[in-house]
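Both complexes shown next keep chain A, but they swap its partner, so chain B is in the first and chain C is in the second.
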Partner chain A sequence: MAFDIKGIISPFNALKQFGKTPHTVKYPYTKKEAAERYRGFHFNDLEECIGCGTCATICQNKAIDMIEIEGIETTTGDSGLRPRVDNGRCCWCALCVEVCPTGSLSLTKDYLHVTDDPDSFLWTPGVDNPDGEKIKSWVSDVEHSLLDYQRIPMRELEGKERVKSFAEVVLGYSEEEAREEAARCIGCGLCTDNCPVHMHIPEYINAIASGHYDDAVRLIYDNNPLGETCGKVCTRRCEDICAVSKRGEPIAIRWLKRFATETAANKEIIAEIVEPEILPPNGHKVAIIGAGPSGLTAAYYLAMRGFDVTIFESKAHAGGMIMYGIPKYRLPLDSIDKQVEYMKSIGVKIQYNTKVGTDITFDELHKNFEAVFVGIGFEVPYSIGIEGENAEGSIQAVNYLREINSERNIDIGDKVVVIGGGNVAIDAARVSRRFGADVTILYRRRVEDMPADWEEIEGAEDEGVHIKTQAIPLENILDENGRVKAIKYANAEMIPDPDGGRPRPKIIEGDEHVMEVTTVIGAIGQEADYSFFSEDIKEKIEIKRGRIVVNDLQQTSVPWLFAGGDISNRRADAISAVADGYRAVKGIEKYILEKS
Partner chain B sequence: MEELKIEKEIAEEISKTFHSAEVTVKREKRVVVKLRDDLITPFLSYAKNNMNFIHLAHISCVDWLEDNKFELIYSLLNYDNKVMILAKTYIDRENPEFVSHTNYWDQAETYEREMREMYGINFKGNKRLTEFILEDWQGIPPMRRDFDTVKFSQDTFYNRPGRENAQDVRTTVTKKSGEEIPEIGKDYTVRNL
Partner chain C sequence: MREKETTLYLGPQHPGITGNMMVKLKVAGDTVVKAETHVGYLHRAFEKLMEQRTWMQSFPIVCRICVPEPDPNEENLARAVEEIEGREVPERAKYIRVMALELSRLAAYMLWMGGQSGGLGLYTAPQWSVGDRDYILDLFEELTGGRIYHMYIWAGGVRRDLPDGFKERVLKTMDYFESRLPEYDKLIFDNAIFKKRTIGIGVIDKEKALEWGVVGPPLRGCGIKHDVRIDEPYEIYDKLEFEVPTVEGGDIYARAMVRRREMEQSISMIRQVLDKMPGGPVYNKVPNPLNWYVPKGDAYVKTESARGEFGYYAVSDGSLKPRRVHVRGPAYVHGVSLLERILVGANISDVSPIMNSLGVCPPEIER
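Right after this comes the complex of A and B.
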């Protein structure tokens, strides 16, 4: 046997590994961290989560349930539910994370769960693993999400074009745009809670997305006969709490409603689509004062339920504030007429030019009708309370808008100042621009304090309206003929409210200015004119801060008397008026049926 | 150094050789080539033998249900310059068939088996198109988009006890608001994501 030197030396070869990092597991054992984008167990930020349930909907394994969690309430904008995952069914595809609109759901680096209790695989992310926050690894971001956070832009006339006429500014979605926008909706339905009427929003959006526009129209008319109006001018509280708006632009719910309702071109087509089920006459008579949104809504649904309804309207046209307050470039006359004509076609009677208190007494109504609904709105403007306010050249915005909408012209000259910061002020300013005037809005607070819609403020700025904030009017200066020739105002500083309310403006002494004007338009709010009520009614009903107190079915303390719209709610918009009208129908029906 | 120089050179060579090919430099080390289905084999052969793309990294597929097409994607890698080419083509979704490339790469056999099982594509010339990872699979191939994953999941697995207290979000919201969804709305309440 030959001597083999290799056999002796080769074991020493191993020495060359000396000092190198071993490939074996370290002792004592240290857990190796998972990869950067590892998809382990779920974690849910319970504060961020709004319980929209999109994770549960998308889960292809049906591994996610939405459940009630102790300490989390159902509120507006939050269902109060939170996802619970069956980890026995989850395959960690992370689709749930990708579609989470708030970004609260994520997957962590944690992937070990060893147990002999199969039930322990069922757990609620965030509740059962509060520490998951620190080891989040698979998170969604807006740029690469499966959701579309960008809204389909709405086409509008350009500012310079707009001021030339009263043509409608918003041009509306095309069919393709509407379906694309509708497809962004995740259908959670959280928005419906913030809508005063609780319209069936996810349902009609889903109908639009699938191309069934007729069904969308039916769903809209189910609880809102002024869907087209709302599609154009709604204050859209729904969009404020849209789940997608948490990280992106809310679904254009208003524009989608507008698109759907406009597919029905006239009253015949609306009737053909909606096919309203009108009950045979039940012999009960109801009077409605004021053909505004609340009155029209109440009349429409009462008529459908077989009631004999008559609306008493003091003006020549139905619509109330939507007819006389909203400028025609936002809501054209054709559109109002179409909706009102449709209501009349199903049996709503309207007596125009009939002012209760003048042409017919309130007592007569009470005598001839079993129930009366009052929806007279706020039409009497507040006075600004400055010297020279009643002079020629000083007018009120609601009166101005009413005259313009009645196609009567008022000469405002070429330099207009509008006082106020609400939608009425902006409307008056934008209308004045259309008559070629140079317009300045004087507002006592800051732009961010303005009660007007931001879109309206932006629209006004686009059209060249100047907005002068923190300016308090002091006096109208008159010329020798007693006509307004200038306005004196003072600049103000904002004083924080020690009680935590919004800051208040305080005049800076001596910082006074004079602006030459041809017309001053006041727009600091309105109130109702209750003078038609008889004394004993006035005593019986409760009026708080100018508004009639009603119960949740719009009934006043006088059982047969119902009220709605601006005179009973503080929201002062069309959709709240519609909601009041809709509720009053239930109240009136209940009252009359219980009585008879 | 010129940006994406190698990638552009590769793209140019492909364009010169295959006039009908639609070549795009996607990003660094990534070139996408869209080809007619009958040019895939010549292209793979050319890329392997003349351009040194000797590695077939993967074959994958996209189901374009609405267009009634499958898109096949061949990923090729060049070890020298580390560039990856994605060669794409469309085939018919009805009775999908394509040529096998087992002659060029042995591993194509496995990838093609997978594509047959997941999408139901028949690769003519592959001698081993047998069951792959799904045991006794009945019904349509599961990666096709018309396969109802949720239904399969519900049919196959049971709901663990303790899940009965699950709530519906829409119902919870209507309960709070008092909204009454009419009959015609109910079909649309079902969420389509």
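Right after this comes the complex of A and C.
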């Protein structure tokens, strides 16, 4: 190579840079301010966090543990745990932030931690760096979150179509929709804690998401033989506390259960999938009064454990309130039949049209069976307590629904008023709409105070039911034949409760109205009929506010007598009844085994 | 008289080695008679790790396969999943991806410049280039939240849109880089020492280059025009105007000049991308990563990285986790088979510059 004079001189150009401030390390050393999106140490808003543990699940370095924190209690919808990050394992990818359903977790601009104590690399974000709130940098709002906060909408019949028949309103998810909806679940399991039965919710949703529907059915039947019923009409406390609902719509747990259970079309298929492991007969006999959800559940699991179970049901069909109380557009008859037939196929015996106290005495049951479970439900309606209540044209919703569900007709005319704000009132109203009547619900409080399911209220409104709130009925006005022709009611104002309870309605004096009606339907609650108990039993058991007091295994103060469902449970819904039945099985088994 | 052969162990910890690997040299005097590469010091079982993680959890893993240039790994995994799934990527995301890829190429070349010159004893160069690289890392920090591991490109697009005023700051940095290139020429590429130590050293036989599977700047340094961005354009490379520089010679200097010219092209591409970038979303959301079942299928995708053609073969069995992700990095060829061949006959002091010029990244070999 020739002598390269240019190549020797040109590098000296670098001298021009001499004395320039470097971009990298400056002296004296100053800490660099991190960018707006910097992914530094974690911060957790302890109040917002619900301890769902999704951050720990997604962490591909297993750097996050969920630990107990002083001052944070386990409550409904909050596990009481909070994430602790091992900063020796963390790679600051922020996947934990992207899947945090509440948005409580974030990364901060803080990136320096110098110490000789290796344990100090374990940080509980929010506890160890409460100041992190001010330097949050990588945050995940709903838009950027990896979770899907929008529920797959459920297809339903149009309001106008619905009122033409008793066809099921909810059409159900298609396979694709179900899998998509199930995929939204983060599997935290907070729902399980809030389910009275503690169903295996994340597990069966996971099974649906992966397309293993049989597994889902098996998991559902593991502790709920009325999964299909619950899939249609459950009050779904699980969804109330779903972690995803913190910033979006909860996973449609009920509809997913419905989808899974409906994949088993008949009792043979259910049996084939569930493969119930039935123990050989153990010779012990148990009687169950009432084939409602609690009685059926108890019977099913007792039969599986080898007990000789007989249910005594006063009516011609099993199901209790789910059969006679819930309208068929919510829970079709063939669905109930399918579930009951499956239970019978594994050994549950049901004696229909057998009313205890009339057709067979309670003492006889006690004599012939080692334990008795009572699940008779609340069938006797409360009276509204207004004049003209017993007149023709004034009926009770539970009686009305029972008659309709028994396929007997009741002439309600074309103008119906339903009194009450619970699910029974809504059911009565929507059923009446299906007979072409113009229906108005009179409720003493506000819509937001209605104990009925919001979806039911919406459904009723879609179907054209009028809801008149803050209206207190005063009197049924009768015509010359003694038939109800109008109802007089007064408007009410809401008076705040000084003790912080819910506001109470107070009649506005003089603000009275009269509405012409053909039928008034009362739906302000029910109670139980305990008349079949003998006097000495009535003395021994404790009844508080109309409900039998039981222990945590549904046992009354009479050791061989167990109770469940509405008569012992204030929740008064199907899933609580199923839970009672499930617990009673353990109680009855324990009682009988300890006795013998 | 025949000189006695001695064995020298270069690495695994040695400033002249890129990453951690070892070259066992048999030398006679100053001349390498035989070179044997030994890897395994950086083995973290990336491919196996991915088989035990969900698809989304694999994204923070792949970027670790190459420290100087993580983005092509993210790009490859993202495109592989998208191809299996048939997932559309928003147009804007494609532009942003190309910008990130070209920025990371620039950053990788900056680091290479430091290593290449430093290995020749030109210690000012690494001070400059690593310092200038920091301007790009600042941009990455702003864009992705991370300086080195960006974890930014993932299935469905990119994680976040550009921050406010980002375009202007990128353009400013590009202007700065452009103004710096002539200074780098004076310091490095025109430098008599640099030329003396690189021209005619570490020559790859043009005839053999394709046969051996050489790719990237080493192949283009043999005068063979081969670049995935041109041959099989991905993202929006077909909408950009750029050249693929080739230099004849096959030596270290030719490879250096290829990279030097490519830096100009990258700067131009980044400007074009920022100019043409459409609006709209940047992310086509994948399902909840905990329940993201990628349909059965497989895909082979490739990206032109700073070291050459970078391929990923991903297989999904329809479950939550990849059945297999195979990483085919250019370093496998460059750092093992090619290096062992062209080191023979080289001077000991040239071993490190030759290795640097090939852009060997050991984690790609032992992924």
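One rule holds in what follows: the second predicted complex is superposed on the first by the 564 of 596 C-alpha atoms of A that agree within 3 Å, B and C clash if a C-alpha of one lies under 4 Å from a C-alpha of the other, contacts with A are read in each partner's own complex, and residues count from 1 in each chain.
To be clear about the criterion, a residue touches a chain if its C-beta (ideal position, glycine included) is under 8 Å from a C-beta of that chain, and two chains touch if they have at least 3 such contacts.
It should be emphasised that the depicted structure is a prediction, and the values quoted were computed from it without experimental measurement.
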First (chain B), second (chain C), both or neither touched by A:Gly187: both
Which of chain B and chain C A:Gly88 touches, first, second, both or neither: first
Partner chain in contact with A:Phe121 - chain B first, chain C second, else both or neither: first
First, second, both or neither for A:Thr57, with chain B first and chain C second: both
Partner chain in contact with A:Glu68 - chain B first, chain C second, else both or neither: first
Contacts of A:Ser79 with chain B and chain C, given as first, second, both or neither: first
Partner chain in contact with A:Leu333 - chain B first, chain C second, else both or neither: neither
Contacts of A:Asp148 with chain B and chain C, given as first, second, both or neither: second
First, second, both or neither for A:Glu203, with chain B first and chain C second: first
Shared chain A surface residues [contacts with chain B and with chain C]: 54, 57-58, 60, 99, 186-187, 206, 209-210
Contact footprint of chain A on chain C as seen in their complex: 53, 56-61, 64, 122, 124, 128, 130-132, 134-135, 138, 141-146, 149, 151, 159-160, 163, 183, 185-188, 190-196, 199, 283, 285-293, 319-320
Touch list for chain A against partner chain C, complex: 1, 4, 6-8, 10-11, 13-14, 17, 22-24, 34-39, 54, 57-58, 60, 91-95, 98-99, 107, 137-138, 144, 146-148, 180, 182-187, 206, 209-210
Touching residues on chain B, where the partner in the complex is chain A: 149-150, 153-154, 157, 159-163, 165-170, 172-179, 181-182, 184-185, 188-193
Residues on chain A engaged by chain B in the complex (per definition of touch): 51-54, 56-62, 65-68, 74, 79-81, 84, 86, 88-89, 99, 118-119, 121-122, 186-190, 192-193, 198, 200, 202-204, 206-207, 209-210, 215, 218-219, 222
